[in-house]
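What follows is a set of structures to go through.
In the two assemblies presented below, chain A is common to both, partnered first by chain B and then by chain C.
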Partner chain A sequence: MSEVIDPFLRGFGYSPVDLPLAQVEWMTNRRIEAKNAYERLGLPTNRLEDWKFTNLKKLRNVDFSLATKDFSISMAALPKAVPNIDAHRIVFVNGIFDAELSAIGELPNGVKLGSLAEAIEADPDSFENVLNASVDIDASALAALNTAYLADGLYLELDRAVMMEKPIHLVSLTYTGDEAVSFHPRHSIRLGDGAAATILESHVGVSGEMQSFGNAVSEIQLGRDANLGHYILQKEADHSSAYGLTTIKADKGSVYDGFTLNLGGEIIRNETLCDIDGEHADIRINGAYHADVKRHHDTTIRVNHNVPNSKSLAVFKGVLGDQGRGVFQAKTYVERGADGTDGQQLHKALLLSDKAEINAKPELEIYADDVKCAHGSTSGALDQMQLFYLESRGIDEERARALLVQAFLHEAVDHIRHSEICELFHAELEDKLGESA
Partner chain B sequence: MAATTETIEKVKDIDAGGDKYKYGFVTEIEMERAPKGLCEEVIRFISAKKEEPEWLLEKRLEAYDHWKTMDDPDWAKLNVPPIDYNGIYYYAAPKSDADKPKSLDEVDPKLLETYEKLGIPLREQEVLAGVVGSPKVAVDAVFDSVSVATTYKKTLEEKGIVFCSISEAVKTHPELVKKYLGSVVPHTDNKHACLNSAVFTDGSFVYIPKGVHCPMELSTYFRINAEETGQFERTLIVADDNSYVSYLEGCTAPQRDENQLHAAIVEIVVLNDAEVKYSTVQNWYPGDEDGKGGIYNFVTKRAACRGTNSKVSWTQVETGSAITWKYPSCILQGDGSIGEFYSVAITNNMQQADTGTKMIHLGKNTKSKIISKGISAGKSDQTYRGLVRVSPRAQGAVNYTQCDSLLVGSNCGAHTVPYIESKNPSAKLEHEATTSKISEDQLFYCLQRGMDEEEAVSLIVNGFCKEVMQTLPMEFAVEAQKLIGISLEGSVG
Partner chain C sequence: MSLLEIKDLHATIHGKEILKGVNLTIRPGEVHAIMGPNGAGKSTLSYVLSGREGYEVTGGSVTFDGKDLFELEANERACEGLFLAFQYPVEIPGITNTTFLKHALNAKRKYHGEAELDGLEFVKLMRSKSKELGMPDDMLKRPVNVGFSGGEKKRNETLQMALLEPKLALLDETDSGLDIDALRVVAEGVNRLRSPERGVLCITHYQRLLDYLVPDFVHVLAEGKIVKSGDKNLALELEKTGYAEFGSAA
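Our next item is the complex of A and B:
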């Protein structure tokens, strides 16, 4: 990999001593270890099977600087693009906690919510075995890079049986001033047995002339019968690229309801790695994307059914216009003996332009016989019959097309179990489609 | 100084010796076997033995040079032990009678038992087991009296159809072979194909002239000299405008074969409005229950639909081999061309199979259909790996893919790895896959009606594969059905 000049180590030189929390010994050791792993692996190329369809070449020649705390932004209020909902709001600007814009409010007993950096600083030892428990830095270069710069992010911990009524709103703002910027937030989310919470993640680009690369890792741990709703709204600016790795460890009877709505950005890859370690867990990783202009939206999912009798569902729908490109790679893995597994995947893509492209790879890897596993994948243009139906009722072609596209994506959004957020996502989608129609 | 001179002398000696050795190869045509291992001399030897023209030898050598730079493909979900390419004889004349069993009494009783179950007549069993003095052509045994093969040959000649071994075709139809050989599968394609391009020894050549509908199913089974087809088989089928041919490869009966590595190439060229139907039943030795021995089947099969409205249909029933690595593909170049792939793969015990297809849509309004049924039993592992690619030019391309896996027992694995790539909005691609086990209800129903468990499983599995079995030619289909039952023996209970 030596021929590759690395954009993330070159620009500012890597010096763990200058990173926040350098006083915590295990942290510095882990960062150096991760940095070495990253150097060994290098930025992923198309030669890797997992990255066959997503090319990060564009990022290679950018001079990224690392977002730091001193990087001050005068932002009087949140941008309008950030959805306004009644929630515990926690704001990160380029991956760094912003206390002024945040409005965490009053938290129920047994809930810890705030900046990860602050939490580690207060009690470093308690995090040593928690962070990176589900991240394999030798397998993923970008996760290693994230670990090398590990500092801040969201910290959420719910004690046993704590139910949060209001959702948590994680706002991630990407702001590029005069230079290209990269940041590597780490979110740590742990729900105790029987706890329940809802997280809305809004990724919003504020200024878009320079490039940015956000490389986030979210570690989610669900206790027995815990219930997490995790909804991601991505509205990055046109020059922003992002990689997000979410790892989920699901214990017995836990429920995860995830939905990702990708509307913006340049090269966006969302990767979810879920380990089902307890029976009767119910995992839903759904989403929709609308890749117009030159956007590239990649969804990569791996669900490991390690124990019997668990359920997973992945339903994604995508619309590709202009030179948009979509990638859907999902793998359902059923461990030997994991009988009674129900694993379903469905991907549907709608291609609207001659230059649009879709690559799908829905995979099954199964080592148990008593399972119900299936996947489906379709791609094609708008149905001529449906178009004709609408036009025969006096709707002009352009409007008819827009209606069909809307209907196609809105159907996916209906999978969201949280009614308020479901409505919000419908509204966001309408805004986006209204503007492009 | 003295030592250096000595060394130089020595090297000179070796060089001279080497020259002599090389020379020896060319002159000693009478030799039965090329020495073990792979080197330029061996390739020259094969070419000389086959009395090949210069251009073919050059092709072989070019492939060999390229082969040396290639790595074994490792992307499949297979556990392939390293292959010792130098431990193989690349050319051996047909075995002498001394090596063959004298009568059926000397043949492995297990093998005979299987023949019995398949309902193969005694005389034919002798052919399959390679008994001394058995007739050369299998069908002779079946239909007796007049030599059917000879009759067939005559009919084919009348129609202008060329059906012969590839070495024969090189001599009789050099222009056709030169034009099409390697045009669908170039030697640079993959390491196994490259090896075949360098050392292939036998195989079939079929040419169907313009407007000819081949009146019978062509089969390697019928071809004279079909025994000892060799491990590096090369098949080339050319269907000229408006012609039709159905080609059968293989045999439902388990074949005795001592070669471990099989790296074959099948190339099919289909021109305007022509159709080729290629059916395979592969039942090579899969190794014993612990996975010892068994054939490695690394085959590159590809059809190029060059003409408009051309059609290729692959049907395969794979039950044998320890390791199968095989992806019969269609390049749909001509507008309106159609590619089909029907596959049943059964793995039991320690068998591994990574098989599937590639449908490359290049022309307008091209259509493809993939139906794949995989059955894993015992401790076997099976993967469907398929690619459907639609190029920007392929307006109106349509693909339908269905791959279903059935698991029998809890120690096997079934995997599905489809790649779907579309660059054209008017293309319509559908993919479905399911994995399940034999339904308890179906099994109960059969048992309740007095079938034993093995019979019931065989019946249900046959039902599961029905869609594919229907596409097999009649005489194959009946035997293939029995074969499915036999392959799954010992997997229940």
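Our next item is the complex of A and C:
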């Protein structure tokens, strides 16, 4: 085999026998298969249509170490930047479960929540057909890479009709010591028919001196009439980059309320791939981002309406300051016969500097006749009339600008259906924008 | 001393001269109305006085409460006590009315070296003012002017005025788009603010608002100049004859 020049295979040499769970045969086979797929595909470049606006070139020359259990970091307490909410807390440091920092607490009957590695170890066979059920390693290099290193992550399974009262707080801490680090968490989330849960995902950077690359895959499966609130708060450090692929399989009548608030990081791409396989499913993939300094925030969404009478909504608002860059690519695909589809996309960007950049590509691909689909994208500077209105009431220009920027993003946050988390995200926004105002 | 003294004011927008030598003096306690045909420069006058960007003052002077108005930024003019009630109040999604009003009031207090009000003190004050105006509480929680009817927007302007207690209120076509009930409510709000120390400058195309807001002086602005002044009877006269004699349509 030719020598691989790649930041994620080069440094430490790929050796599946040294990875956790190497004793599970199907796992090792699948990892090798995935590694080969990754080698074939290579790290995405701008030549790929899907990656036209997001360049990972910067990662190519970094000597990434793979985060392992041995390279564990002991932290006395959770960093202050992690939101404090009453929840079942499960903490991962560089993708590896940290029992000390976690506080899962008492779980209702019919709920399995914990480390995926531990769950697989306990019952390997039950996961063989679950993992990668919705991931195509031949189509996504980074998903293949994730599979090649698949080791740990969140495992959540709710039995039929189980409703969780308290949210689950998935805390993902990125820690870089003397070395640049990469990690590849896999989260497996399955809700049985009529089950309901709320997940808050907090991504927090602990140290920002060295680079990091988190490459996560979350597989979400929603049974009939299941309801999942999934809220992601991203506060990575300035040198941390991350890719997150979320796949959602939605059965009849299921509801997914998703919101991503991107506030930190360097190159961040959140990709969501949703298959609506049952009528009356209601899928909401919303978010807001604030890309200041040199941050790059990419939101890529694909929703497939495979059956009639389902609904999807994607509303994103972004503020680009300094040399910030934003990317919004969303495709709503309506299959033949999927009549009665309601698919809406809206992206609004606010550009605060001449050097800021936005690339928006909303798309509809419709093969059914009777649908209600729309997409829209706007970008512009602050509204001069709003600015004057505030100034005419005594508010100075700097404050007025800060208020309008906040207002722009707060409006998006209001889409969150979970009231406590909605308030939390408002507060996080104020926290961040208070600094720069 | 006069509250507002406009002397030979000339102003342009995009290089086109709109105000061509306006003279006007308002003393404390007085209510003035400026009437005039469309395109006479009425709105330009209110924007030039309140400091909106894009208007260039090319001549003359304006003194407000002893200070050179053009030395002050728009927000400083507001803090000094000038209030513009907008013809079309601006919608600001994402900021609640309460937050907006609190920032405005505290900006003024800070400007005058007074302690800022905390949330509780502010809400108490705001509630008492909004009650006087018969404003429902939910209007305070909603985003600024978003989804408000025309009447609600103007009532909201009146509430801001009541809170900020300006020395001079500048009402720009406040009656436009209102039904008769809303017109009454807004006029009452302005009348409640009238005092021997305050002045009001009401800019309007129609006489009807002046039935409720009886002015001491009425001026006709046409083609960028005040061409005629009189008392409230001048407004009634204009209502009958229109603006034709001042060389303009409408």
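Definition applied: the second predicted complex is superposed on the first by the 433 of 437 C-alpha atoms of A that agree within 3 Å, B and C clash if a C-alpha of one lies under 4 Å from a C-alpha of the other, contacts with A are read in each partner's own complex, and residues count from 1 in each chain.
Keep this in mind: a contact is a pair of C-beta atoms (placed from the backbone, for glycine too) under 8 Å apart; a residue touches a chain by one contact, two chains touch by 3 or more.
The model shown is predicted, which means the values in this text are computed figures rather than measured ones.
Engineer: Answer with first, second, both or neither: which of chain B and chain C does A:E391 touch in the superposed model?
Structural biologist: second
Engineer: Per the contact definition in the header, classify A:L352: touching chain B only (first), chain C only (second), both, or neither.
Structural biologist: first
Engineer: Which partner reaches more residues of chain A, chain B or chain C?
Structural biologist: So, of the two partners, B touches more residues of chain A.
Engineer: One more residue to check, A:Q406. First (chain B), second (chain C), both or neither?
Structural biologist: Touch status of A:Q406: second partner only.
Engineer: Please indicate which partner A:R336 is in contact with in the superposed arrangement: first for chain B, second for chain C, both, or neither.
Structural biologist: Touch status of A:R336: first partner only.
Engineer: Once the shared chain is lined up, is A:L261 touching chain B (first), chain C (second), both, or neither of them?
Structural biologist: neither
Engineer: Examine A:A117 and indicate which partner it touches, taking first as chain B and second as chain C; both and neither are also allowed.
Structural biologist: neither
Engineer: Once the shared chain is lined up, is A:P362 touching chain B (first), chain C (second), both, or neither of them?
Structural biologist: Touch status of A:P362: first partner only.
Engineer: Note which residues of chain C are touching chain A in the complex, please.
Structural biologist: Per the stated touch rule, the residues are 50-53, 73-75, 77-79, 83-84, 86, 89-90, 92-95, 100, 103-104, 107-108, 111, 143, 160, 164.
Engineer: Report the residues of chain B in contact with chain A in the complex, numbered from low to high.
Structural biologist: Those in contact with chain A are residues 75, 392, 405, 407-437.
Engineer: Would you tell me which residues of chain A are touching chain B in their complex?
Structural biologist: 49, 53, 336-337, 339, 349, 351-381
Engineer: In their shared complex, at which residues does chain A touch chain C?
Structural biologist: On the chain A side, the touching residues are 383-386, 388-397, 399-400, 403-404, 406-411.
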